[in-house]
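As written, the chains take the letters A, B, C, D, E and F, and residue 1 is the first residue of each chain.
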Amino acid sequence: MFKHDKALLQEVKVDGPNPAYAAMMQEQLGGPHGELKAALQYMSQSMSIKDPEIKDLFLDIASEELGHMEMVATTVNLLNGHTLDANNATIGSIQAHVSTGLTPALTSASGQYWTAAYIEETGDLAADILSNISAEQRAKVVYQYLYRQINDKGVRETIDFLLNREEAHNTMFREAFNRLQDTGSLKDWGVTKDSKLYFNLSTPGGQFFNANNPQPPSFNSPNAAGGPKM
Amino acid sequence: MFKHDKALLQEVKVDGPNPAYAAMMQEQLGGPHGELKAALQYMSQSMSIKDPEIKDLFLDIASEELGHMEMVATTVNLLNGHTLDANNATIGSIQAHVSTGLTPALTSASGQYWTAAYIEETGDLAADILSNISAEQRAKVVYQYLYRQINDKGVRETIDFLLNREEAHNTMFREAFNRLQDTGSLKDWGVTKDSKLYFNLSTPGGQFFNANNPQPPSFNSPNAAGGPKM
Amino acid sequence: MFKHDKALLQEVKVDGPNPAYAAMMQEQLGGPHGELKAALQYMSQSMSIKDPEIKDLFLDIASEELGHMEMVATTVNLLNGHTLDANNATIGSIQAHVSTGLTPALTSASGQYWTAAYIEETGDLAADILSNISAEQRAKVVYQYLYRQINDKGVRETIDFLLNREEAHNTMFREAFNRLQDTGSLKDWGVTKDSKLYFNLSTPGGQFFNANNPQPPSFNSPNAAGGPKM
Amino acid sequence: MFKHDKALLQEVKVDGPNPAYAAMMQEQLGGPHGELKAALQYMSQSMSIKDPEIKDLFLDIASEELGHMEMVATTVNLLNGHTLDANNATIGSIQAHVSTGLTPALTSASGQYWTAAYIEETGDLAADILSNISAEQRAKVVYQYLYRQINDKGVRETIDFLLNREEAHNTMFREAFNRLQDTGSLKDWGVTKDSKLYFNLSTPGGQFFNANNPQPPSFNSPNAAGGPKM
Amino acid sequence: MFKHDKALLQEVKVDGPNPAYAAMMQEQLGGPHGELKAALQYMSQSMSIKDPEIKDLFLDIASEELGHMEMVATTVNLLNGHTLDANNATIGSIQAHVSTGLTPALTSASGQYWTAAYIEETGDLAADILSNISAEQRAKVVYQYLYRQINDKGVRETIDFLLNREEAHNTMFREAFNRLQDTGSLKDWGVTKDSKLYFNLSTPGGQFFNANNPQPPSFNSPNAAGGPKM
Amino acid sequence: MFKHDKALLQEVKVDGPNPAYAAMMQEQLGGPHGELKAALQYMSQSMSIKDPEIKDLFLDIASEELGHMEMVATTVNLLNGHTLDANNATIGSIQAHVSTGLTPALTSASGQYWTAAYIEETGDLAADILSNISAEQRAKVVYQYLYRQINDKGVRETIDFLLNREEAHNTMFREAFNRLQDTGSLKDWGVTKDSKLYFNLSTPGGQFFNANNPQPPSFNSPNAAGGPKM
């Protein structure tokens, strides 16, 4: 079961109203790489996980992402201020003014309703964790884009917190992934010559990659020193 | 520009009509992990890639996935046979009988229209390649599910070919990923203490994963011996 | 913030696998009147509520609906059993067999992805609570339909619990509604003669309803005796 | 069958072109609480109603809502004026300039296509009428938001008319609802102790509402004096 | 404004219940080529037509298509019968049993919600009428598919009526089209050599069509003798 | 199979960045009348065509439309420039700045994801070619709207090329259509009196069109002199 604690995971504040940026921030509430997507992806994937520790991890992170949603929504609220004024609104925010009375909605920055088509779910644990690793990376990218386009100190602190949390999730998903060697879809499918071929269908030009020598992806460890770098 | 060659990438055949399985196979034509999704994801991601070799790789694989679409569609055609008979059709295929006259459509197995909401695109090369690695893994999982539910020798050969091709793509995407160390979103965001925290929001129970010690995901190399294992 | 407790709100069990009914039960996981819709509707509406008690009520019920999702998903899991077999599956469940490996998905019974277009949100508290009262009524109706089509004792107990909880929510939403007299959209909009007119646009036939004499909707109190009646 | 009369239900005019407001007004043509939604919801619900007077009421109001669509669309036309000029357009209206040549479209203010996912339909008359009562309330809220953001006298007259008509519909739906005591989903489902519980899942804080003492929602009658109040 | 007449355009009946075929017939209620699509396409296109006779034609046919919707819905009702029984239902109809209580819904045969993405609207009269001519042809094709898969005499009479009405609409749309020579998008765009080229991008094989010699499409007149031919 | 050639069908350039127009140009990448729709419509229709010359034509044009997508996407890239700056962006482009890092996406100008609901496919060759003729006409209309709203010489040259190519496709589809007399859905359905009726459902007013005297649509030949006319 889920429970709600009135405290936010971390307090949010903004230097002042900024309705245009409120619309941009909406992207991480109801957009394809946003917090709702993350929460529901991990929650629905967890529904058939048998390993109790990994299932617990998924539900832990899903719960945290629901808490992130609250932080993003509270930020959108503060940025929107209190006055309906679509005539002077900038891009993306018109429905906030005519349909939801400035209440944050489960839509992307351009007003597209959230859809479960965003969710990647296969019931195969290896594939699902790889999906989550890439989802966290995409969420990080969007927070970087958002960070670069705002000077509001309060908003930047919130984004910095959320972005670093995606990194923490990524670390834990990778750790879980490393427990899965040779299980499920990571099991060798009986590799045939077909998996070694390179069909060079793009011309003119040579062949730059080699399907015949599989290597794992490599990741450098993040260093320990703090403070965002852009 | 794109060109079409009338030959299929590999000939397809089926032992006999099987309309129920035709509906299942539709999943890889227009479903969330299917060939159209792969082709269009790589094609749209490629639109802003500056590295000419990686851009070439993306368009190469996109072209091949369009060719896979043709193989899947031809298989669906052969499995559907030629007689409209929705009254005796099984799950999923009703629209084939009343709307498209048995022509394969860009829908999932349950008739949901393909949507670009399936596409993962951020303009950050590291995030996009990780998305592609996970997408190939999910495609492999679906082909494994399909393989297990059919005895038709022709269909199994086609699935085996397509599944092994996803492995080849995955190998090449990993190779491309390994060129990207410390670029784009792989650059350290100035790791703060927030990225080392574990919020234990799931009770009762301890803490099984460690956000404080980031490790890369590890992958075993596939062995060399051929033939599908299930 | 949200937290997860590993215990279900109430234990669920089934007499035995029933994949066809699993597909039907999916409707209350990811369908238009299901638990996800309820949870997210109350959660997103709550984002701009100023009255702390009413905000608390909305988040309380939202949390409970997330717990209902888990109960429904666990029931779907138990009904699906463990064997992929779409060829013998009945209506609606094909994607469980080819796409999600029998993991419950955020879709309706016919495989349509959940969409935030289901959510009713206006930022006006009176309108939003009326929306919730009607949403709870619709959820009750769907559970009644489901109850009538299954004899499995375990499933019936789960449905009976969930249905009665919707009644409890409805009672509390009505209580909250009764605090709102003459506020927000319940305030008289300066009633004009236009609101008293009946345009009789349907012929042939008389006029059976009277726009000139507004009455509140009336509700009988449920009686106290237990046990489902059909 | 349906028939069309060339006269509008009430003449519409605008003081002058206002393309930004045209985009806002679109919300009530093709948005989630707009006229098309209302018309099609009542029309599709009516398809299984057996009580001839209530069926007639639903089709009467559905017909009127189709007439409201025409009024909204004509207003959008007048506000758009005749010149394609997306470069100087404000939020929401870009597709009017590049895709529909300024013809009103069945989309929301932010360009989202109308979807039948907006429609609430259960086949249970009590649930359906409650859905309609809440739908009319939401439509009223959106018209209030629109009214507050325009000074154009013609547009305000049209909105005032449409808003008051929603009130009239609401009066009639409530009257119809009051005929249904103890039928369909209003019948007591055999109330159990589960429907009296309050799960207090939100902390910290007490319990402000009481599931153990069901009361009907109460509504004050609108007063008789005319003229909008804001 | 629109008005409703309780009489159907033509009485419908069925020989007996047939829930599987009810699901198939749904396609023409809420599917991509169905009656709702036709009605709303012509209605929304009409919103900017200036020629009063052509505008009248569009609204006339839109009204008739709304009447067709009623005929299709009534047929679906009769075919569904009165008993919820999804366990024995065949393809496509599960939501009728668990969500709408057998009330026809605005969905396709596979349960996909109707979407305004089906509507073709450009604000250019020539393009819009060509869209309508092709839409009527597609509707005819779907009715032919449906006709071939049912022996119920009542249903066949209804389909025959509806199919012939689409022919009548097509005749009238063609007549309207022929008034438009050299207007709007039919005006020559200053034809350049680019419009005469044939890019032969498909190999191997020659070139079978000639872009250099534009000819109008030709249509044979239907003959006068009655009775469906298959 | 499909192959990719690195050369564009025709080189594209722009006089300078123009992010607002980039958003408008997106319409022809992922909008309802855009290049992706055309490519995938012809590709999926081709999947059941038996006439080898017509099948070849469909795949030829589909391949060309994929090449048009690249031209449109490259133009969008050039117009977007390189700086994320949603705060100063105009209508429609917000997601380019916060979600895709200025990479063109498969969405319409207002950010709506491309959906296969745009595709018209029936499996009947006559209906499908008529659909394609109308689709090409709509694409031409959108290019005309775009042409009128830009002075950039490079963009105008690209639009002029693409628009003239749609004319060429239209010429070839008409030629293919003219081979189909009296086949498929062009076969007379046994015309009954129902197809000759005119239901005059629109009042007041007379009857301006005649369902009793079917005529083919007529098309004037484009003249030979070059250069766009507006």
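By our rule, a contact is a pair of C-beta atoms (placed from the backbone, for glycine too) under 8 Å apart; a residue touches a chain by one contact, two chains touch by 3 or more.
Not measured: the values here are computed from a predicted model.
> Chains touching chain A and chain F alike, please list them.
Intersection of chain A and chain F contact lists gives B, D.
> Once you find the CA centre of chain D and the CA centre of chain E, what distance in Å lies between them?
For chain D versus chain E, the centre distance works out to 28 Å.
> Round to the nearest whole Å and give the separation of the Cα centres of chain A and chain D.
Spacing between the chain centres: roughly 34 Å.
> On a C-alpha centroid basis, what's the spacing between chain C and chain F, in Å?
Centre-to-centre distance between chain C and chain F: 41 Å.
> Which positions in chain F are in touch with at least two other chains?
Chain F, residues with two or more chain partners: 1-6, 9, 32-33, 56, 59-60, 63-64, 67, 90-92, 99, 101, 107, 110-113, 115, 117, 122-124, 141-142, 201-202, 205.
> Make each chain a node and each touching pair an edge, then name the shape: line, ring, star, complete, other.
Looks like something else, not a line, ring, star or complete graph.
> Which two-chain combinations touch?
A-B, A-C, A-D, A-F, B-C, B-E, B-F, C-D, C-E, D-E, D-F, E-F
> For the complex, give me every residue of chain C touching chain B.
These residues of chain C touch chain B: 1-6, 84-87, 89-95, 97-99, 101, 107, 110-113.
> Contact residues on chain C for chain E in the complex?
Residues 20-21, 23-24, 27, 31-33, 90-92, 108-112, 141-142, 145-146, 148-149, 201-205.
> Which part of chain A faces chain C closely enough to touch in the complex?
Of all residues in chain A, those touching chain C are 1-9, 30, 36, 40, 43-45, 47-48, 56, 59-60, 62-64, 66-67, 69-70, 73-74, 77, 99-107, 113-117, 119, 121-124.
> Across the complex, what residues on chain B touch chain A?
9, 32-33, 52-53, 56-57, 59-60, 63-64, 67, 115, 117-118, 120, 122-124, 126-127, 130-131, 133-134, 137-138, 140-142, 144, 160-161, 163-165, 167-172, 174-178, 181-182, 184-202, 205, 208-229
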